[in-house]
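Okay, so chain A shows up in both of these, paired with chain B first and chain C after.
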Partner chain A sequence: MGSLARAYGRPLALTLTAILVLWILALILVPLGAMVQQSLWWKDSAGDLSLTIDRLYNDIATLQLDAGNATDAAKKAALDAEIATKQGEATALEAQELNPGKQWGLDNFTRMSSLHLYIFVRTILYALMVTALALIVCYPVAYVVALASGPRKAIILTVALIVPYAINELLRVYAWLMILDYRGVINGVLGWFGVVDLDNRGWIPFLENPSAVFLAMIYTYVLFMVFPIVNTLETLDRNQIEAARDLGASTARIHRRVIIPHAKPGIAVGCIMTFMLSAGSYSVPAIMTRGQGGDWFSQLVYRQFFESNNWNMGSAYAVSLLVVCTAFILLMMRFFGVGLRDIAK
Partner chain B sequence: MSTATDSPGARLILNIYIGLFVLYLFLPLAVMSAAAFNSFDYPSVTQWRGFTLKWFVALANDQRLLQGLVNSVLVALGVIVVSIPAGLSGALILTRLGQRSGTVLYSVLVSPVLTPGIILGISSLIFWREFGVPGGLFVAVMAQSSFIASYAMLLFLARLQRQDRTLEEAALDLGASHTLVFRRITLPFLAPTAFTAAVVAFLQSFENYNTTVFAIGGEWTLVTEIASRLRFGLSPVINVVGVIFVVLTLLAATTYVLLKGKPKRA
Partner chain C sequence: MAWTAGIRPVGTTNIVAYGSSMRGKDVRLDKVSIRFGDSTAVQPTDLAIHAGEFFSILGPSGCGKTTILRTISGFIEPTDGRVLIGGEDMVGKGPNERPTALIFQNLALFPLMSVAENVAFGLEARGIGKAQRLKRAQELLELVALDQYGDKKPADLSGGQRQRVAIARALAVEPSVLLLDEPLSALDLKLRQHMRTELRSIQKRVGITFIYITHDQGEALAMSDRVAVMSRGRLEQVADADTLYAEPATPFVATFVGEQNVLRGRITTLADDVASVETPIGLVTGRAKGALKVGDEALVMVRPERISLGASNANTVPARLVSRNLEGPSVNLLCAAAGQNFTVTVPNGPAVRDLPEELNLSFGLADALVYPMGALAHG
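So, the complex of A and B:
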């Protein structure tokens, strides 16, 4: 604080600090805390309660019938008193039903059904596969772009990579949907050649296969893998490659011993971004599967919030996802020996 | 295309690979664009029923999409208003902090970039409901700003690293007030970055779906509206939106290449 006041003067330092504190609290930490808190409580299941209330009202109705038919005044009074007690009980229970007590604990996490747990694990595995595939696809591209001769070529290549990225993510996914759809481009072309029979619904159901989501996801997040690797490879001294080649190293060996070690931080950052984006992606699976392929975990989270209206469970799911992503990031940082400052370009 | 150090055979393979890769990037966009001109009711290029511009007219009359566009612009402007001052403050403070406290603060401020978008949307939705604010444009602005402010901060930080601090110190020695120094030296130095950051913030916000879909509640932006159209019945009107995106992007890219390419040749 003292150094800040010295650098910017007291009023300015205070203003800057105030804005920063507001950002951290209102946009980052407290919302995160609110989500974690939401995941740690739930409301008593109202199922049994409403059954009891229904039974009470049944009793009341019977008693009212009896009271109406009763001829003895004393008996009628006793019945009326009983009705009043039952009514009181029912009213109390109804209030409880409307405003059930909060229960705290980890139940939202442990109550995840085995199907949802399976989808959770599968989503993580899928995200890992997308990350690995993206790395394999992107490494040669990054290599060519980074070491391309001539600045103009580099610019053109970069622009060629950026242009699809600048087009909305959903529209890019949609483009793949059009290609892989039942009556999409591939099935259409196969139909022309008589390979598939579209009139009798004999198309190939690409969209029901998880690889359709993979394809679109790699397409969508490819640049998050390419650019970090390009950034690190651009700093590689080409003489190192020349020297290795002059000394008789094979191409594979040069990549393994010279280029890949140099690109390591970029590879780590690319993997972190791609994994985080694909594990948490809602748009790609939601659009590509259209309910026909397997769900991704993000779709379950969405449904907990907006279809089951169970925010507590939904928060628990979201926290689980966040924990896995954070763990992956920390592991990658440890494994590749990169710091946070490397990640942020 | 490829480096001088590769053998001709390797170069050939790499060039073919890059060609295929570029095809992979652009072919889907071409397919999507072409279907916007097909008069068939379902977006398709293989079932061609003749050239038409009727889907462009349909888009011009589509009130929900147009309103979504307006909402997207409003949200993006809101994000700029929130995230530029936040990012600027963060960067200015971080550059003056010691190594240790700086690293902790830095981790907190960068963490939203590494958080899945849906988490940011969910946590903002829950947070603002505590104050009685339901999901909507405002919550969308807040949710998006949480990570876009981090991007802005990174841009400002990079610029501040290249700052010559002696200039500010000289001004202070000559008796200028801190406020004056800030207004006359620091801000002008950061102004181009502020502009870049605003453009980046606008684009990030406009494009965003994963965060927005959780925070938007009953309102909608262009992107969330497109998403719900994609989930419930496809229409070539969406392809028209795609064509517009493609054309605008290509125009911007061409301008960029021409501007960037010129001084190199001269």
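So, the complex of A and C:
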């Protein structure tokens, strides 16, 4: 703050600090805090309460019957008193049922069913596979783009990468849906050649396989993998590639020893982004599987919020995903031996 | 592609025997020309570089030096003609299949590898085991006096040290021809002069052919056995340093190497190889270089140190002293005669301390070279 004030003057320094604080609040602390807070409490299960209330009303009805039949004034008074207390208890419990008490604790995290846990683990594995496949697909693309020069580069970039991504993500996913559907483009072409028999539902069920989701996801997130790698590769001195070749290195060795080490920070950023996006993607698995393939964890989170209406559980799921993703980032940085500083470059 | 096909086996000699185990090869360009699209970078060129020679290619920026070097190393295929190394046609052979090693203009060391790994990289590419290749890297680092620096990263070294790492890395693959693309241009003057001697002595020790590219005539003249002067994609002259300086073949070479006083004029008489030229300062006689005819426009070149004060030579010009610049061992006198400027370099001494304003400049017939009209090095 002191140095800021000296560099920019007091008013500007105050404004900058205010913007920074607002930024941190709005982008990190408030949403995350709300989510974590939500995940740490739950409402008392109302089930037992209703049963108790029902029992009380049963008792009251019996007592009222007894009271109606009673001839002894003293006994009737005793019964009325009992009815009154039970009525009081019931009213209190009803109030509690309408406004259940909060319970704090980690139960939302520990109560995940084994099926959901399985889906959680599977989603992480799928996301890892998507990341690995995207890396395999994108590295050569990034290499070609980064080493192309002049107008050729602009053409490759625009035609191959910018134009497809000018189209909305949903539309692109739906396009893949149309391609892979039972009566989609591929099955249509195969049917036309007589390879599959569409009339008798003899199509190939691409969409029932998780790889359909992989395909759409890789397609959707290619840019996030390609651009960081292109960025780092562009800073590679091409003479180094030539020097390695001149010294007799094979293409594979040049990549392994010279190019990939240089591209590491970009690869790490690309993997982190792709992993985060695919682990948290809702629309792609929702659209591509249409309930035919297995759920992804993001779909479970969605359902907790909007179908089960259990926001606490949903928050706990979301926070779990976040924790695993963060762990993944740290692991990747460790694995690639890059620090935040390298990534910022 | 068969990557291993042309890779040379590396001998098992240790560094003491490096000089004898490495053998230079001769390099021949046979009517080589190189075009990029419509523009011609190198005109059809014949050139023979001897085995074990320190050969320099000297020329101004953009004249095609790098292009020639990259053609020899195999990064560029010549548009026409052939490159022969050790008598063998190199057509279709990639840079990794030729007995050459290139030192890049910017060195292109691998920044993420240690110095030792850099030097060992060529051996690694040939599948030599780690212990053995690091041992040889260490020997090469000794050769360039960097044996303490194997574990450092290139970025931790000084410019001159990085330079020597690049040399060691190139020598590790035991090339027959070492190609150097202005490797000293990034160094400061003092280091550059030191590295000249260093390079020359390394070349003497390993005995292989060095082809050295530079636009610095001082470097080329000081280090080389022979120098090729290049201009606009054409070889102007190939000769040893003394010949280049004393007998430049073209006006370009005459003005690019060393200083010249240039006179323009028209040839009046021509007998044997003596030409008389009518110039703004009168009739000048000199030695004819190149194809001349009476009546042709011509250029007369006289080196500043070939002009003496006084009137005792074939050509004498009365001139006015404009300024006197002390260079230390010598003095540069700037003179004017009939609108023509002359630079005269004379040894420093009492005789040149108090000069009169009016002088006679004179130079012999052999000191004036007469060329047909042609391009000069500096406009």
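Criterion: the second predicted complex is superposed on the first by the 323 of 345 C-alpha atoms of A that agree within 3 Å, B and C clash if a C-alpha of one lies under 4 Å from a C-alpha of the other, contacts with A are read in each partner's own complex, and residues count from 1 in each chain.
The rule we apply is simple: contacts are C-beta pairs under 8 Å (C-beta built on N, C-alpha and C of every residue); 3 or more make two chains touch, one makes a residue touch a chain.
What you are looking at is a predicted structure, and each value in this text was computed from that prediction instead of being measured.
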Chain B versus chain C as contact partner of A:His262, first or second or both or neither: second
First, second, both or neither for A:Pro285, with chain B first and chain C second: neither
Partner chain(s) touched by A:Val189 [first = chain B, second = chain C, both, neither]: first
Contacts of A:Val163 with chain B and chain C, given as first, second, both or neither: first
First (chain B), second (chain C), both or neither touched by A:Leu20: first
Residue contacts with chain A in the superposition, chain B compared against chain C: B
First, second, both or neither for A:Gly248, with chain B first and chain C second: second
Touching partner for A:Asp237 - first (chain B), second (chain C), both, neither: second
Touching both chain B and chain C, residues of chain A: 242, 245, 251
In the complex with chain A, residue positions of chain B that touch it: 1-7, 10, 14, 17-18, 21-22, 24-26, 28-29, 31-32, 35, 42-47, 82, 85-86, 89-90, 92-93, 96-98, 103, 106-120, 122-127, 130, 142, 145-146, 149-150, 154, 158, 177-179, 182, 203, 207, 209-210, 213-214, 223, 226-227, 230-231, 234, 238, 241-242, 245-246, 249-250, 252-253, 256-257, 260-261, 264
Residues on chain A engaged by chain B in the complex (per definition of touch): 3-4, 7-12, 15-17, 19-20, 22-24, 26-32, 34-35, 38, 137, 140-141, 143-144, 147-149, 151-153, 155-157, 159-164, 166-179, 183-185, 187-189, 191-192, 219, 222, 238, 241-242, 245, 251, 272, 276-277, 279-283, 286-287, 290, 298, 301-302, 305, 311, 314-315, 318, 321-322, 325, 329, 340-341, 343-345
Contact footprint of chain C on chain A as seen in their complex: 237, 239-240, 242-251, 253, 257-258, 261-262
Chain C to chain A touching residues, read off their complex: 3, 7, 73, 75, 94-96, 100-102, 104-106, 108-110, 112-113, 121-122, 124-126, 169-170, 172-173
